[in-house]
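What follows is chain A paired twice: with chain B in the first complex and chain C in the second.
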Partner chain A sequence: MKHSGKLISVLVPLVSVMMAFVIGCAIIAILGASPVTALQALWTGAFGTARNISTTLSRATPLIFTSLCACFAYRCGVFNLGGEGQFMMGSIICCYIATRTGLTGLPAILLCLLAGAVFGGLWAMIPGILKVFRGQNEMIISIMLNYVASLFMSVIYTNWLRDGTVPQTAAVPDETRLTRIFGRATTGFLIALVVGALIYYFLFNTSMGFQLRAVGLNMTTAEYNGFAVKKYILLSFIVSGAIAGLGGSAELLGTQYRLISGFASGYGFDGVAMALIGQLHPLATMAVAIFFAALRVGSTAMQTATGVPTSVSDIIQALVIVFTVAGLAMVKLPSFKTALARLHMKKEAA
Partner chain B sequence: MEELLRMEHITKRFGDVYANRDIDLEVRKGEVHTLLGENGAGKSTLMNVLFGLYQPTEGSIYLRGQKVRIDSPAQAVRLGIGMVHQHFMLVEAMTVFENIILGDKNTKGIFIDKEARKKEIVELSERYGLDVELDKPVTEIAVGAQQRVEILKALYRGAELLVLDEPSAALTDLEVEGLFRMMGKLKEEGKSVIFISHKMREVMRISDRITILRDGRTIRTLDREATTGEELADLMIGRELVPSQYVKVEQAGEPVIALREVDYHKTSKHNGLNGVTLTVGRGEVVGIAGVDGNGQSQLAQVVTGVIAPDAGSVDMKGSTVAQFTPNGFILENVSHIPEDRNKMGLVGDMSVKDNIVLKATGDPRFSAAKGFFLKKKAIRDHALAIQKKYDIRCASIDQEARNLSGGNQQKIILAREMESQPDLLVAVHPTRGLDIGAASFIHDVMIEARDRGCGVLLISADFDEILEVSDRIVVMFEGQVMGEFSGKEPPIDQISLAMAGK
Partner chain C sequence: MDMTFVTNLLLASVHMATPLIFLALAELYSQRAGLVHIGIEGLAAIGSLTGFLVSYISGSPMTGMFLGALMGILVNMIYAYATITLCAEQTVYGMIINIFALALASFIYRVYFGAGASLAQVNLMSTLSSALGITSDNFFVELLLDQTLMVYLAYGLVLFTAVYFNKTKSGLNYKAVGEYPKAAATLGINVIGVKYVASIICGALAGMGGAYLTTCYSTTYVDGNVAGRGFIALAAVIFGRWSAGGVLLACLFFGFCDALQIRLQISGSSMPYQFFQMIPYIATVAVLTLIGAKKAGPKGAGKPYRKEER
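This part shows the complex of A and B:
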């Protein structure tokens, strides 16, 4: 049973992706283009050349951070839907340090990353504290704080840190930008990988990570077994926010260089969806983030090459989410479980 | 009198657990028929079968002599069965009136003739003395009034047979009188009532006949006139004394835990503690007997640090406890087999192995560098050894704990809690739902711990279990200690009276 459980958790997203692509192809065909050519263009756009691969990885970097942010909180049984706001708060403080303090180079980079993580963590602490000490719904509060962060960011780029006539901040000076290691991919991507690996290690190889997962799976049992449930919940919010905040810094220093309208828009919820498809496994979640980035990068190439609009890629992405969530719900149904058990017994009998 | 309802050989099985086993029940027209039994005796399951919420595994139901199949509550309502659940099923934001007409199939078309409906309801409420304010939202009326709404709802839909599941639990004495008057009126009109309760005084007052359930089986149906409260109490808890296979300890060691005048939500009869004074010494098993829901859960939570008492003091090994946290009690070497193993004892989605070491991953045996490096091999070896020692039957120790049978799940908890060599073991319904083999294994382990010098507090609604392993028996009723008895040759008559609150 154990074995088949693991198999299913891999199969469900894979089958979902295939189904999404089948429907995507049907749409492409209806639009009058050849699905094969379109998918080829999509693939080449995302992975065809070293440069394209680097673009994909660069696009994946912020998504990895926000999806790890969602993943970490979910693992402790709480829903941090505020990844986007925490991401923005990280990038805001980062922008201030990079453009206004006069610090440049490596010290500035390190300080920016650290401050971004701290600010993201502090921003996530608000729903955490309200949840733990006042029993408030963390989902609603963290979503609402996204709006606060987003509006605060617009104050920043239209007023406080505005540079010139266009509503945007000054660009991060060249020497404070993250090093490009490969095409467009920067050290930010490496940082994301390291964060993911650390989270994986923490969750599955430390006593605290074990207890945090236990809290996430059954709070009452955790409490009865003497775990500091409230501490873990608060901690999971702070760490989760810090991951997003760090991502905000890395994105600003590595890719965007300045705050501008639309910065980080949508990253938060994208992250939640990817964490769900990755079934809260940090490594799988990272793979899913790269996959989604590839779909996005590739779709532009697909549009140029075949005239199929990029929204077809959006449809595929949405379908992957819908199918995976539905599929995971389906395999939990009692009737499905019985059928599976029966299949097992037949196999054993044979 | 004419027969209204007959349930024959009703068996309801959930997995391996029988909630009802070959139950027979016959209700006549115009009678109040009481179902008497402890929690877990199968009363609610039987009524859920009657109301179409569950399908019986076996057995059949006859209404007015006709065999019927009830596959939904809507079907039950059509057949004239009304049910008032222990926990009310009202839409809180709606008014009383809206709740009563909600889902009424007689309202045809889009528009509801509110005035006509209201008139009908007012007539009904006057006829049965069910006083309610129709235009108030349910949130604004008291619990007693909510119950009257539930009853009106059932009567409005034409119930000929009304099931009342522990209706008096939440009522004031005055409201109970009103309830009984209403029941009397229904009887006069030839309607029948199934009354579920374990309050002996009320049962003796209002019932015509009484059916006793125990362990999911029908024990007997008796006429009220031909029985006494004592007889009912005896039948309810089952009184044959089987000599215990364990040697009873008469002299306990020094106290491990001592409660003095502990209060918790004192005014709540069913979920509180009222002036509880209790000591558990080293090397003895203290059994808490009593019908479920008389403060036992709260007692267990106080002595494991889950809740803090409102008043009174708790001494742990001679010093007064200042802070009530589960971790504080665990550090004092208190082990806990909680009452709900899936909700409080296990992390169902984690493996057998993980559940075995749940508490101990920070221990140097299982992790290095203050918990930053789990020794997975050591954990696996330990779990395998425990699995063998406690005979936990599973396909693999990596299997999810939720997929194990109840007995094996309980063994995981037992193993985890006993491996720390506790000074105090608090075991709440440790063998509920288990087969005899698993149950006696758990008893053996408890007695072993006792002989090693551990104090054991056993809380159980299973009276046989209490008699079997307790060295001292304490009876609780409505949050109070009703008496203390020796576990060696226990005076069963007195204990069962104490359990009934006398």
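This part shows the complex of A and C:
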């Protein structure tokens, strides 16, 4: 039975992806384009050439960070919806260090990454503290702080760190940018992979990780077992925010180079979606992030080839999560389980 | 600080509180049936887009408002089916509705108007005083008469909700579903049915709250125009301790914060305007922090109801 449970947890997202694509193709057909051409363009756009693959990996990098951020907190049973704000706070301090302190090169990069993680963690500490000490709804608080962070970032690029007439900051100097290792993919992608692997190791191979997951599964039981529930909740917030903040730094140093309007917009909620489709497994979550990035990169090529707007990929993404979570809930229903067991018995009888 | 500043501020507060009242009532009806809904923001977004598009095509803001409500119901049926029938986790699914509805709204806008098209504009719903032909800049005339039909509807709904939940049998049954569904079921209340009805009401109100933004407030639609009001409404329900009157006061407070930031922005201060824009969000955090976590909400909220479980 355990075996079939694992199978189902892989099957549900796959079936969901297929269903989402079927609906996506129907929309494309309704818009008057050929779904076959569109899908081909989508595929070549995302994976057709080495350069396109590197673009996909580069687009996946920030998504991996925000999805790991959502994944880590939810493993401890708290819903951190503030990944976007934490990501922004990381990139803001990173922008300051990279463009205003005069530091360049490797020391600047290391300091930027560290400061980004610290700032992201501090920003996430606010909902964490309010949750632990005031019992407050961490979801609303973390979302409110997204808006505050986004407005603060706007102050940064329109006022405080503005460079020139256009509302944007100065670009990160060449020598402080992250090295490109493969096409457009930078060391930022490697950092994302390492962070994912570390989280995986922490959650499943350390006793602290075990306790953190125990808190996430059942806070009351964990409390009775003497686990420091509050400590873990606060810790999960800080670490999760630090992951997002690190991502913000890596994105600024590796891809965007300057803060402008729209930077990181939507990354937080996307991260939550990916973590849920990946069913809170860090490695699966990273795979989902790469898949989402491929959809985005490919959709640009699709738009050029067929005229279908790129936002159709957002619909497909949203449908994947609509179906995945509904599907996962469905297979947990008692009626579904009995039906499955009956099927099993019939097979054995035959 | 002169009198016009104060009166303008108060008038703007009423104006800004109205969409919040719709959204908070949507949340209240959902939670009273045991469904915590963090997807109000998404429902409002799709309602806002539908309201905008329909009044752009038909020229009638009222039709836009009506179809906005209908679209809210439609999208909320996805949430209802997943959380009521499939017993999916409510907070998770509310989040999914946010992601889905926001993507849908922005997609429809893009498909209809194309990329980089000139900014489309619609006519706003007329106010009672302009319909009656009254022009006066007396504060009380403006406050009471210079409002759209939706404002009166919002306050009417608050009154109705207060009476319904406290004075009617049907309302008490409704609340029982949110408090303790199993006991409600043994009394012969159709728990699943009430939850679905709640989702229809919730969808309609949230859609209207969103549509208000494009039929009564702003003549244009931009992605993200709901600007967190769906989440602030959630905070308003907590702040208002799950009662219609409390929710109204909470919405007026948050509406005041919103009006204050707009007024301060145009007051010509040297401070970057974004700091003023932060006011409603920071006020929400501050209010939630101050009231702490007294659990006053429906006890069955957030939990799935499985008929076969005992």
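As a convention for this text, the second predicted complex is superposed on the first by the 350 of 350 C-alpha atoms of A that agree within 3 Å, B and C clash if a C-alpha of one lies under 4 Å from a C-alpha of the other, contacts with A are read in each partner's own complex, and residues count from 1 in each chain.
Operating definition for what follows: a contact is a pair of C-beta atoms (placed from the backbone, for glycine too) under 8 Å apart; a residue touches a chain by one contact, two chains touch by 3 or more.
Just so it is clear, the structure is predicted and the values come from calculations on it, not from any experiment.
Visitor: For the three-chain model obtained by superposing on chain A, do chain B and chain C clash or fit?
Guide: On the shared chain A, the partners clash.
Visitor: Please work out whether A:Asn205 is in contact with chain B alone, chain C alone, both, or neither, and reply first, second, both or neither.
Guide: Touch status of A:Asn205: first partner only.
Visitor: Could you tell me if A:Pro309 is touching chain B, chain C, both of them or neither one (first, second, both, neither)?
Guide: Touch partner of A:Pro309: chain C, not chain B.
Visitor: After lining up the shared chain so the two structures overlap, which partner does A:Asn159 touch, if you call chain B first and chain C second: first, second, both or neither?
Guide: second
Visitor: Could you say whether A:Tyr224 touches chain B, chain C, both of them, or neither, answering first, second, both or neither?
Guide: First partner only, chain B.
Visitor: Now for A:Arg213: first (chain B), second (chain C), both, or neither, which partner does it touch?
Guide: In the superposition, A:Arg213 contacts chain B only.
Visitor: On the A-aligned overlay, A:Phe79 touches which partner chain: chain B = first, chain C = second, or both, or neither?
Guide: second
Visitor: Which partner, chain B or chain C, touches the larger number of chain A residues?
Guide: C
Visitor: If we overlay the two complexes on their shared chain A, which of chain B and chain C does A:Leu340 touch? Say first, second, both or neither.
Guide: A:Leu340: touches no partner chain.
Visitor: In the superposed arrangement, does A:Val325 touch chain B (first), chain C (second), both or neither?
Guide: Only chain C is touched by A:Val325; chain B is not.
Visitor: Looking at chain C, which part out of 169-177, 223-231 or 277-285 clashes with chain B after superposition?
Guide: 169-177
Visitor: Counting contacts the way the document defines them, which residues of chain A are shared by the two interfaces, the one with chain B and the one with chain C?
Guide: On chain A, no residue contacts both chain B in one structure and chain C in the other.
Visitor: In their shared complex, at which residues does chain B touch chain A?
Guide: 304, 306, 325-327, 329-331, 336, 338, 343-350, 354, 358-359, 361-362, 366-367, 371-374, 376, 395-396, 398-400, 403
Visitor: Touching residues of chain A toward chain C in the complex: what are they?
Guide: 31, 79, 81, 126, 130, 134-137, 139-141, 143-145, 147-148, 151-152, 154-155, 158-159, 269-270, 272-273, 276, 309, 311-312, 314-315, 317-319, 321-322, 325-326, 328-330, 332-335
Visitor: Can you name the residues of chain A that touch chain B in the complex?
Guide: 1-2, 5, 204-208, 210-211, 213-214, 217-218, 220-228
Visitor: Quick check on the complex: what are the chain C residues that touch chain A?
Guide: Contacts found on chain C: 38, 78, 81-82, 86-89, 91-93, 95-96, 98-100, 102-104, 106-107, 110-111, 115, 227-228, 231-232, 234-235, 238, 272, 274-275, 277-278, 281-282, 284-285, 288-289, 292-293, 306, 308-309.
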